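In the two assemblies presented below, subunit A is common to both, partnered first by subunit B and then by subunit C.
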Partner chain A sequence: MSDKKLILVVDDDIDLVEALAMKLESLNYAVAKAYDGVEGFDKIKSRRPDLVILDVMMPRKDGYQLCDELKKSDEYKDVPVILLTAVTDAISSTNYTHMGGKTTLADDFVSKPIDLDKLMEIVEDNLR
Partner chain B sequence: MKFSDEQALIRLPEQLSRVAAVPAVLSALLQQKINLSFFCADHTGPSHVGFCLAREDLPRCRAVLETMVPAGGPQPDVADSVGTLIIFPHQGKLAVLGRLLGVFGRCRLPLLSLCSSLSGLAVNTGFSLLESAAAAVQEGFVLPDNHAPFQSEPEACPNDGSLPMSLTTPVETAASYWEPMIRIYGISRVAGLSVTSVDFSETELEPLGEALQAVANGQGRFNMAIIQRLANRRFRLVLFDRDGASGSVLPLPARTDRGSCELLTLHGPHFQDRYGVAHAAVNSLHNHGVLVWAVGCTGSSIYLVVPAQTGEMAARALTDVFIVPKV
Partner chain C sequence: MKETVPVVEEPGRSKILVVDDEPRIRDACRMVLSEEGFEVALAADGNEGVQMIREEHFDVILVDLMMPVLSGFEVLSYVRESHPDTVVIVITGYATLEHSINAMKRGAFDFIPKPFTPDQLRAVVAKAIKYNRALQDIADTNSRLKTMVNRLTDGVMASDRDKKVVVANPAFLHLIDYHGEPVRGRAVTDFDIGEQLLTLIDQALVMPDDTFTELTAEITRTGEGGERIVRATCVPFRGRNGVTIGTITVLSDITALKEFDRIRSDFVSMVCHEVRSPMNSMMMQLKVVLDGLAGELSGRQREILERVSEKMNGLTTMVSELLDLSRLESGLIASEKSAVNMAELFREQIAFHEANGARKEITLTLDVPESLPPALANQRSMEEVVTNLITNAIKYSPEGSTVRLMARIENEYLRFSVRDNGYGIPEEDLKRIFDRFYRVNDENTRAIVGTGLGLAIVKSIVDAHHGSIKVTSTPGSGSTFTVLLPLADI
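Now for the complex of A and B:
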């Protein structure tokens, strides 16, 4: 088993997942990939990640749902979750109410189009 | 595996496919705000250019192209019910590409065109055939447990006469990404690539796929792959890779030019959902006098192949139209 920190990237933009994985691997992280919320939860259950980067809009199970499931479970509530979202003007904190009355307990968020360097800083901060 | 919505596929006639003509075509489509969800151009030999767009944009696209082709001359070839099947991740493995081609050949599925992105292999086929293509692919590949092909699902209207939730609840959409200057995650450049091209017929698709799977004992790699339909039910596969290894083992006459080109790749948010991306990339190189040998825009990737020694100039030209993060 590798002693690298494991980061799970969940996004239905397959090229973004690949680009993020390449960037994270270049910074010596191990990366797992999933392409929707259902597959993401499967990956989490099969191997607990140290951090999850999670897109909001995804098929089958969106990022809010997956984030809430994680944060409300005793087993995974401590895993940091960073949301990737296109709607940041509705966000005032990382424990916010989103349009449509949805709430999420994500640890941080990054607006799309993402700034890769900013995202990497946030990843590092949340792994400390 | 991922499916597109129903689209139209246009293959440009020879006079609009020329490397000097493509920028004007893209400019005209940009003025009409027509999004190209798939764009593929090959100028390594006789030029071939094809692209996909939403079916509702087809009349406006036809109108644009009619003004650009001489009356009585060759017209654009239009397939008006096309679906894109994307399999991922390909990891740059010729074995994955070969197996996909083998599946299409063995099952006699029409292959209209193909282009690789960073993660995916996007194949255009008949829209009504997407389900059977997916079933065939699932016999050729091991998919993860609990995998479901992504596709747009029609939303049912509530029985009480109210509007569907998507019309009453604001959601994140591709429109949120619009910005006057397109932001990308960075530009990467690979020099010293070889280009291999091979023409084949529909019946040769399966043996070609098998040969690709066997390259370097199954370890062969590619950086970019394009397939486009030629006349007379023939096709051209163009592969860009490090060593041109595939050229010598294919069962068909192939042409390989070693170390002749450079590849630039760009990625940005939801490029497939916004118009003007292919235009920005191609026209910036054209305006700076950089020759383009091949273009592939699919998924959220842009792949540009330019002659050796021009990659650096091309990268500089791209920074005029894309916001590139400082390294």
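Now for the complex of A and C:
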């Protein structure tokens, strides 16, 4: 149990959290779950995760905010953060980055719709 | 600089008044000038002359300097004061240079010494008429321009090199909430036009003479009518020798447009979250089930779920593209345009797509003249347009064919076209080809994946550039998409 890596999944969509958890658990990770940014931070403080998967759009505290807080704290700045973003880069070739293009300190991001297998690869890469 | 074609208005018969106390001179003038087709009126002294000038307009007045009662000088002063459009020629009784110079100083256009020959008279009058017409043309052009500028709903202001106002229309003054004294000749800094606009004007003034960029800014103003969002566009204004002599600023009130855009943007985020998110998690759930993490699946169950998965993928892609289009359109409301080197852009795009073409053994060719003047455009939007057209051409062409990109100058436009030898577009589909989600569905294209948004995006970009896009096509032999874009140097 203790040698399993702990991954915290934070998303306001319960079904998505459950599906992600099932996949992660099948790959032998331990999973903690939270459903908004505030709860996410509480979970981090109660038990330090090895990696955080964070949705961008959430009630109370969004993913960008939580990510910033973690990355600016001495204690948690080393925990890898992967952002799940609904904003694709599909038209970053045009000017319109007012919805995306936000600079974040996250280690990686996966745009929705999420390719589950690709997300698992990114998780593995960031745990090395 | 382009030559302006003068608008020739049907000139009525020019009216000439001859004021001289010598009957012999009056009659001689009448004879000569009537023969020339002028309408000639005569006055025997200064008083009578002034009386006639008061009653009707004359284009040219010939006036003797030395007359009893009211001298020619006095007539001249009267005309100069109250009839600026009238040209005065003085007749000097005894050819003293001194009198003539004196009269010229007081505003006479020319002089003719007595005695004169009919030819001399004809020459001096012809010169005066020509000058008068030129004056009239300038006055008409100014009046026409002034009326046009004043009728515009957009605010327009021209300032000179020293940032003094040359002209500002009522809409401009209204948009800066100024309703006071005339503004001509005053410094632009005297008015509350805001830091942003002053910066634009400064930037436009220092822009190198060989570049042309339209500077834009979105300015939020809090004035009498509440908060207003104004889009400002500023360009340098150049004289005959190409040196900047001032700036032209155009203001458009886009408050309503922005409000509409905000509502749409809210709607877009709503769709984003409320539709796409559940679809996302449904796809994840499906994936988990398909991966066997929720128990073994029978072959039939797997088959059905895989098809559900495929359909959901398609839906998700469509929502993404729709959101892209929506975002693109709102972004175009205020995208900055500058002089874009299209020849360079074409070369880059052709190089970029060569590999895609090669996969189908399709050759890409480029035909651009040596010196292609730049277009006034947004660089990234143009890349999007060209990419879309080339991608389509490759997609809808059979293996081994050729896609040609050609560019030319046509009137004041840059005209470029992308031609393929592909499947072509049936005539009934042509007029709807730029509609959103419209796709040609026949045996050749059925297997080609697309959402029907590419050309809609292309058209909205071209429209936002005040350009046009047209398509011609022959089924079985290919299609040509032709785009016209305004040139930067206009």
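Operating definition for what follows: the second predicted complex is superposed on the first by the 113 of 128 C-alpha atoms of A that agree within 3 Å, B and C clash if a C-alpha of one lies under 4 Å from a C-alpha of the other, contacts with A are read in each partner's own complex, and residues count from 1 in each chain.
What we mean here is this: a contact is a pair of C-beta atoms (placed from the backbone, for glycine too) under 8 Å apart; a residue touches a chain by one contact, two chains touch by 3 or more.
On a predicted model such as this, the values are computed, not experimentally measured, just so you know.
**Q** Figure out whether A:Val38 sits in contact with subunit B (first) or subunit C (second), or with both, or with neither.
**A** The first partner, subunit B, only.
**Q** Applying the document's definition of touch, where does A:Ser26 land relative to subunit B and subunit C: first, second, both, or neither?
**A** Only subunit C is touched by A:Ser26; subunit B is not.
**Q** After the superposition on A, what does A:Asp13 contact: first (subunit B), second (subunit C), both or neither?
**A** A:Asp13 contacts both subunit B and subunit C.
**Q** For A:Thr85, is the partner it touches subunit B (first), subunit C (second), both, or none of the two (neither)?
**A** Only subunit B; A:Thr85 stays clear of subunit C.
**Q** Per the contact definition in the header, classify A:Lys112: touching subunit B only (first), subunit C only (second), both, or neither.
**A** both
**Q** On the A-aligned overlay, A:Glu121 touches which partner chain: subunit B = first, subunit C = second, or both, or neither?
**A** A:Glu121 contacts neither subunit B nor subunit C.
**Q** Where does A:Val56 make contact in the superposed view: on subunit B (first), on subunit C (second), on both, or on neither?
**A** After superposition on chain A, A:Val56 lies in contact with subunit B alone.
**Q** Considering only the contact definition stated at the top, list the common interface residues of subunit A for subunit B and subunit C.
**A** 13, 15-16, 18-19, 57, 86, 99, 112-114, 116.
**Q** Which residues of subunit C touch subunit A once you look at their complex with the stated criterion?
**A** 269, 272-273, 276-285, 287-288, 291, 293-294, 313, 316, 320-321, 324, 327-328, 330-331, 335, 378, 380-381, 383-384, 387
**Q** Mind listing the subunit A positions that touch subunit B in their complex?
**A** Against subunit B, subunit A makes touches at 12-19, 33, 35-36, 38-39, 42, 56-57, 59-60, 85-87, 99-100, 112-117.
**Q** Which positions of subunit B touch subunit A when the two form their complex?
**A** Residues in contact with subunit A: 2, 86, 88-89, 117-120, 144-148, 150, 153, 169-173, 176-177, 179, 183, 185-186, 267-270, 299-301, 325.
**Q** For subunit A, which residues count as touching subunit C in their complex?
**A** Contacts found on subunit A: 13, 15-16, 18-20, 22-23, 26, 57, 86, 88, 90-91, 93-96, 98-99, 112-114, 116.
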